[in-house]
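Pasting a structure below so you can have a look.
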């Protein structure tokens, strides 16, 4: 098996923000969702992986190899999808492809043509004439046409409509039918990941809050709702984050098993969404 | 073969798959040697993550319902009639245990419990 | 590498047409100035093309895209330097075409042909300009380098002027003319080769510096 992506104790200091030694691992053949609020360090981490930013410490391995020592080789195996258009607007799609294709050892023209057809992209149009969704699709087509082992996507769904987002997820499902391929996907729209992601890594304020399989995360955490009279000091400690109103409370608990011990009755337990977990953890740390 | 997943159920998704596949096997709708969809294909069809289906298959394998052959995929395991019967029993036993516990805590007698069971069985028939 | 240069040309299709038109205009504008016409026109065109090529990189932060492809940063830098020579060639061709057209349609304008001297002078000026400018762009990016660009433009304007006033100084003038005397018995070819050599050396050193700078650049 082995890991497609390993990040260990990664550090980067900026004037007003720092990545404080983050670590996580993505096993080969799976999808990892990289979530967190804006400014949490998602893009910084991705840029460090791509060596667009220079790390201050730590280690990054792609396909088991150091990402700087084997930079060129690794980039041959990475398909990178950007959060905005970085192609030359004046060029047509065909011209842009002609320039990019020869850089990849494993470029496959047939696959590219296939995606251009599926995405209904006009080869002779200039990039600046495309809609945002189409630019995104073009970026994806390029990323998918050289048999990339790892697809890295930085906020690919931001600013796109739900229909396109669901199309994108279908494409990703298709890609991972090949168990050699993995996807690392950053987003702040967690509902995109709810279904497809195998692993979730949650970053907040330059630190990893959780990194685990999505199933474990969703099975462990639960939302508890009940009357205010139930909330004594001990009970309150069990919550990661809590919200009270005049008629009751609602909070996130990390250990589902513990809830029944704490509250015998009169509570409602619900399955949280990833968004619930993200919100409570971020808010919880703000008011702690 | 029919599998229905509910995202709003409190039952974890992998357990829903395990339960439904078991049912299909015990009812004989899936027979010994039948090929199951690949983990990745099932995940795609059900629009759930690969790890979730993998976990379900692992559980089914552990309980002896299916077998996975490297490079070939997963198949319904061959098991003798005796074992199948045992498995059927164990599913019913589990449910009946709940009923027995409930009956005891409400202080129902054995005869009363049997009577209820008889009535329910006849009603469903 | 070739692909990177091709990319610069494709991106600049429109700018090149413009540059050619500009060349045409300069043939008229510089008609009174003897040797300055071809040198001035060629330098201006090269300058424009370099500026445009960096402006296009900056427009959509395309360097992010380039640097996520399997290309080493060294190649990106070298390609930019090599493309300069291509621009010089293109500028010369454009200038010659412009003069030929002017002559063909018999516009009463005094045109100047390119000489070896013109070519080496252009090479020298362009080298001086780009070898100081490119490391700055590779460090800061096109937009931030713009300030430097303006300063440099002014310097190029003032340095010849101040040199001119310096030459009024008799002592300085004497030392210059002594140095020049040394070259007096050199042939045109020898001087051209020397200047070309110096130009290439400047470009080479600048290129090495740029590679080091660009290797540490963050996007």
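Details
Letters A, B and C name the chains as they come in the text, with residue numbers starting at 1 for each one.
Keep this in mind: contacts are C-beta pairs under 8 Å (C-beta built on N, C-alpha and C of every residue); 3 or more make two chains touch, one makes a residue touch a chain.
The structure presented is a predicted model; accordingly, all values stated were derived computationally and were not measured.
Put simply, the chain nearest the middle, going by average C-alpha positions, is A.
Each of A-B and A-C has its own count of C-beta contacts, and the greater count is at A-C. We define each chain's centre as the mean of its Cα atoms; on that basis chain B and chain C are separated by 77 Å. One inter-chain figure worth recording: chain A and chain B are separated by 34 Å, centre to centre, where each centre is the mean of the chain's CA atoms. As a whole-number value, the distance joining the C-alpha centres of chain A and chain C reads 46 Å.
Across the complex, chain A meets chain C through its residues 47, 50-54, 71-73, 75-76, 78, 80, 82, 84-91, 95, 99-100, 102-105.
Residues of chain C that touch chain A in their complex: 3, 6-7, 10-11, 13-14, 56, 59-62, 64-65, 67-72, 216, 218-219. Only residues 29-31, 173-174, 176-177, 179, 195-199, 213-215, 219, 269, 271 of chain A touch chain B when the two sit together in their complex. Residues 8, 10, 12-14, 40-41, 43-44, 47-52, 55 of chain B are the ones that touch chain A when the two sit in their complex.
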